[in-house]
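Two complexes follow with chain A in common, the first pairing it with chain B and the second with chain C.
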Partner chain A sequence: MEISAAPSGTARSRTRRWMTGARRTQLFAYALVLPVVALIIGLVAYPFFFALWVAFTDRVVGGGGNWIGLDNFRYLAKTAIFTAAIRNTIIIVLATDILKFAIGLSLALLVTQRIPARGFFRSFLMLPWAMPAFVAFLTWRVLYQPIGGGLNLILTETGLYPHVIDWLGQRSTAMPSVIAASVWRGFPFWFISILAALQSIPKDLYEAARVDGANAWERFKMVTFPGIRHVVLITTLLSSIWTANAFEHVWLLTQGGPSDATMVFPVLAYFGMQTQRIGEAAAVSVAMLPIMAILVIIVTSAMQRDDD
Partner chain B sequence: MDRKNTSPASLGRISRRGLLSSAAASGALIAGGGLLTRAGAQDFSGSKLTYWGGLIFADAANQLLVDTITAWGAANGVETEVVMINQNETVQKVSAAVEAGTMPDALDVGLDLLLLMSKQGVFVTLDDLYEKVGAAQGGWYEAVALATDTTSIAGGRTGLPFGVSGNLLLRRTDLLEEAGLVAPPETWDELVEQAALVTKSPVSGLGLALSNVGDGNVQCSIMQSFGGRIADDAGKKVTIKSEETRAYLAWLKDAWDKGVFPPGNATWDGAGDNQAYLSGQAAFIANTGSVGIAAQKDDPELFEVTGFSSLPAGPIGTISPITPQTRAIPATSGNQAAAMALLEFLSQPEFLSQYYSLAIYGPVLNDQKAFPAFDGSDAIHSGLLDLVENGTAPGWPDVFNTAFADAYSNFIVPKMAQRVVIDGWDAERAMNEAQEQAQAIYDKY
Partner chain C sequence: MASLELSAVEKAYGSQKVIHGVSIDIADGEFVALVGPSGCGKSTLLRMIAGLETITEGDISIGGRRVNDLSPKDRDIAMVFQSYALYPHKSVADNMGYSLKLQRRPKAEIAQRVLEAAEILDLVPLLKRRPSQLSGGQRQRVAMGRAIVRDPDVFLFDEPLSNLDAKLRVAMRTEIKELHHRLKTTTVYVTHDQIEAMTMADRIVVMNHGLVEQTGTPLDLYDNPVNLFVAGFLGSPAMNLLPGRVVSDGTASFDVAGGGRIPLAGGRLPPPGTGQTLGIRPEHLALVPSDTPNAIALRVTVTEPTGSDTMIAARLNGTEIVIFHKDRINVAPGEELHVLPQPDQIHFFDPQTGRRHT
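Now for the complex of A and B:
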């Protein structure tokens, strides 16, 4: 029997009917987004679901891992250090967000005024964010040194406080010290975001408010804040996620200590990795998800309300 | 045992002369072509071999290792790539490489990691090579042989020992002599007494780490010298909670309350004690000798007034664990025969004699005691030889099994110590937590 390589007339016409112009456009569109979808699946979805699966196994480095259900989470829940990590992560995120917002907003409002060398200040204030985190936090570590550290030198030399303070070595000062360094490094992002939002508020609104007799606080409340609210929400979301997932600020300053005074999720996960227990380390990371999810839901709902 | 460094000649000029001797040594090895190819009867020409070396504080020793492997590769027609890895990062690098399937053909690995990885079948067994090298050089030191035996977990020996490290007690003899103290402290109580006598801002007497880093685990040795144990003789049931551990915690709290610890020692990183000693802020530290090397190079005056001695004893004696360093071949290596030949070559006395004179390791084979590095002229090497001969096996009196290595890596004892001195917990509560956490770890194995 002879087999023809060419499609028969009926098959050809069927193909032609199926491949209409609209369908071709659709397929072309799919083809265009396919690389991005593949990238997202490969770089985001796969690692995410893999980490999720590993969190429910007893996997160690070099081992296959067996499904153990919630055992890793039960084990973590029993440890005091896990509770400390939850508490500390929430404290750091809340405290740094509030302080970064306050500083970022204040400075943004300041440099929108007509002050000398305004351009210079805008660039200068971005420096902490431009500096590599590694350098920034090691510098802070040096500043916090009990002996020879900059902060103690200032306090003792000026007579403000005659004794040496072990900033990172005692429970009462370790967390505030980590928060201060994190705020210093992170406020420029808030500053630049709020500044951009401030500049997009039409000047007419301020004029109208003035004409209506609004004082400075009322102008801020009725014009400025609604104008930057959307940006503040997005900045809060991003900053919270970054801070909660940040590793270097705690690791370089205190490594989670003293005791568990500054232990946070990423550092705890790292300790799990150090002992080869990938399952437990993944469980620590996964345990953060509900907290982050709640935050994302709150912020996106607020933004949705604004849009509506 | 006390060692004043009266003759630092062999290591004292590492910065100037060490590199030259490293170059000369590798040159001599290259010139001795017979030696370079002696270990490799097989033909590996055209193959490639990647080696991960453990970076140590002695640059000349690092360079000698790189040069020697490169020369061996050139002589055997093997294209070698030597990557020196900071030993503080070995765990992370190796873990990532195991998961990604990108392990080298051979690498330097510490005992903890060797044990944990051998249990997962990451390394091939090297029994024949181990026997051959041992037989040729007077046999292995017993402590080294016992410590590195992975037969029960991996079906054979997976690590070929090449050096031993461990803690020596370094002390500022100038400060101590001013206070009328000439002899090194024999016990932990004496150490605290001496430290208290020389504590005067900015100097804190007792520069022992209490943080969650490897140095912090010296607290485990102290606890053991008080009779405390992590687990029972079977290495299964955790026994941290005991009267002996309570005595250790009482000693620690007393020392803490006397203010002899430097501020910040509960958050020190791996270099915290080094920096404290080198900057003149600590009169005593427990260190592998890297601080001595750094002082020789950068602060000869400090080195001159540094005394080296064994760790002090507790009520049951001195616990001074040795930490053997080994070389291993991953099972994923595509060039295992060449890797095996290289490891045999790196165990030759011609290379190791040079290497020990530059590095900060004690010997692993009996014949190595005759190497010039251990002739008694150098305080650090004498201390390391003493450690090998008189130190305790890793973990001893505990069983150094995988669970112990895991508990050790989790810093169970330093964390318990922090609970007492930082958080103000009483000994009972701190021991309870440590007991529970350690048992959870032991239950996994």
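Now for the complex of A and C:
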């Protein structure tokens, strides 16, 4: 009895030791994190990988779909509408980023100067961002209308341009019009981000640069721009992703027309869904991933370089 | 190098005047400390010399040239900021050489002058680093390096040691002083730390409420403060300032308002009966045996031994008096001790005007 009791006692104490102290705390910590992990898997990872899988199938609404490899992508690559979407998405992202940066930076620099009603301007300039997107873009559509549209009225009434322009209806003006509306709606995010970064630059640095003999432009290069660089990089990344994924600006203004002049990925994917060919629509969305990935890599490596 | 003259300099923000007609003449190669409590206008005055603040009234001249309307870069000054203000994305060498680069100096010359300054300040191994990779003391030295690279007429220091820990501050104090001996550049040094001012400067300008209270050599100011403010501001521990009045009933003595009497040994005393503030520095109260004639009995409240010396806070009835002794003293709170003031070290100040009775 004594001989057999000894090992079982040791085993019990070993089990007890296994469950005590650090290990128990560790398990408890995992238990606390588990719901969040489940949520992320359920709401982010599963839909993402499911969409990825669907892109490689011929799935249609109501059907299961079979694995067809890269067929969807091969098909898309041959269509003019797909290449138009690639081109237009890149144009919109680049043009809006550049313009939003220029406008956001200029306004942020302006309201950091000692101007009257500075506080009012800071709030006022946020209005486009605060407005619901569909209200903003529907308003822009009204402004762009050939008959009775605000823009044409201004041009004809002031005599600047006597002819009516169909802003959204002709290839030459549709894209600039979409870009202009997107910039109007999106610049406040850049403005407020750059403003916050500007305010975090110590005043001493500007004074040191003045004592060193730097003029306004040299101070901008030496103090202002390095001070906002990080924020500009992050803002570029976020803004590019949002713009590339944005649906409402193109959909509400042109629906991708005229004749695909403003067709972008999200609208094309939506058309794919409307035709019930889910596999193809998913392939359109997935095709954007490499472009986004390249952008993310460029921006994060630039930020990493800064940190080093 | 050059002299620096401030004549009747005033500064106002709207109707709010912050500098009220300050005149200071600083000789070529002199090290002058502007010292005073926060908000006394010392930094504003320094920034006016630098050209970072406009001058409302009066004139500032550097080397005999009026600089009121010149931009900072045209005044031939260099400034060291409290926060160091180094360009965070640039290397130490680039930080130091930036002003020369803006002057379009040849690259070789910039490199040479940066190297020379770096050698003076022991910064050579750090030249390629960025400010974020440096310690506080190293950053401080880079900020000074940036100033000396320019070989300016005047160095301006704006509380440069405030962000350093106590030990480093003492080390940097010596380093700045040595640097001044070596370069002999006219220097204006702003600090709120009177020890810094006392130990480093050839001459101290004590400021308060936008006015110069007194100007003089450190020891002159310490020994002969012209008013209550200077008397209380310079010296650590501070001068004991006791309100009361001089009485003369056969022998002169001072009745302390809170109770107690301090015997006075003649000299030029204020008229008896008038309210006065008696000032005596803690080290001028000698500890004496209890049977010493005229000894003042005090009750110890706190002792602060530092190892080499002892500071004792004690009470004369209701009035606290601080005694500083260059030795170890074994007294405990509650004990009685006896002191005798050095008669020639007693100052009297008019409590209304603050002026010293001469």
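The rule is simple: the second predicted complex is superposed on the first by the 295 of 308 C-alpha atoms of A that agree within 3 Å, B and C clash if a C-alpha of one lies under 4 Å from a C-alpha of the other, contacts with A are read in each partner's own complex, and residues count from 1 in each chain.
The working rule: a contact is a pair of C-beta atoms (placed from the backbone, for glycine too) under 8 Å apart; a residue touches a chain by one contact, two chains touch by 3 or more.
In this text, all values refer to a predicted model and were calculated from it rather than measured experimentally.
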Fit or clash between chain C and chain B when superposed on chain A: fit
Geometry of the superposed three-chain model: angle at chain A (Cα centres of chain B and chain C, steps of 10 degrees): 150
Partner contacting more residues of chain A (chain B vs chain C): B
Partner chain(s) touched by A:Gly256 [first = chain B, second = chain C, both, neither]: first
Contacts of A:Asp97 with chain B and chain C, given as first, second, both or neither: neither
Partner chain(s) touched by A:Asp204 [first = chain B, second = chain C, both, neither]: second
First, second, both or neither for A:Met222, with chain B first and chain C second: second
Chain B versus chain C as contact partner of A:Thr275, first or second or both or neither: first
Touched partner set for A:Gly213, first chain B, second chain C, both or neither: second
Minimum distance between Cα atoms of chain B and chain C in the superposition (Å): 50
Footprint overlap on chain A, where chain B in one structure and chain C in the other make contact: none
Footprint of chain A on chain C - complex, ascending: 47, 50-52, 71-73, 77-79, 81-83, 85-90, 98-99, 102-103, 146
Chain B to chain A touching residues, read off their complex: 91-92, 94-95, 98-99, 116-117, 120-122, 201-202, 210-213, 262-267, 269, 279, 281, 406, 409-410, 415, 418-419, 422-423, 433, 436-437, 440, 444
Of chain A, residues touching chain B in the complex: 58, 60-63, 75, 78-81, 145-148, 164, 166, 168-171, 174, 253-261, 271, 273-278
List of chain A residues in touch with chain C within their complex: 202, 204-205, 207-214, 218, 222-223, 226, 229, 306
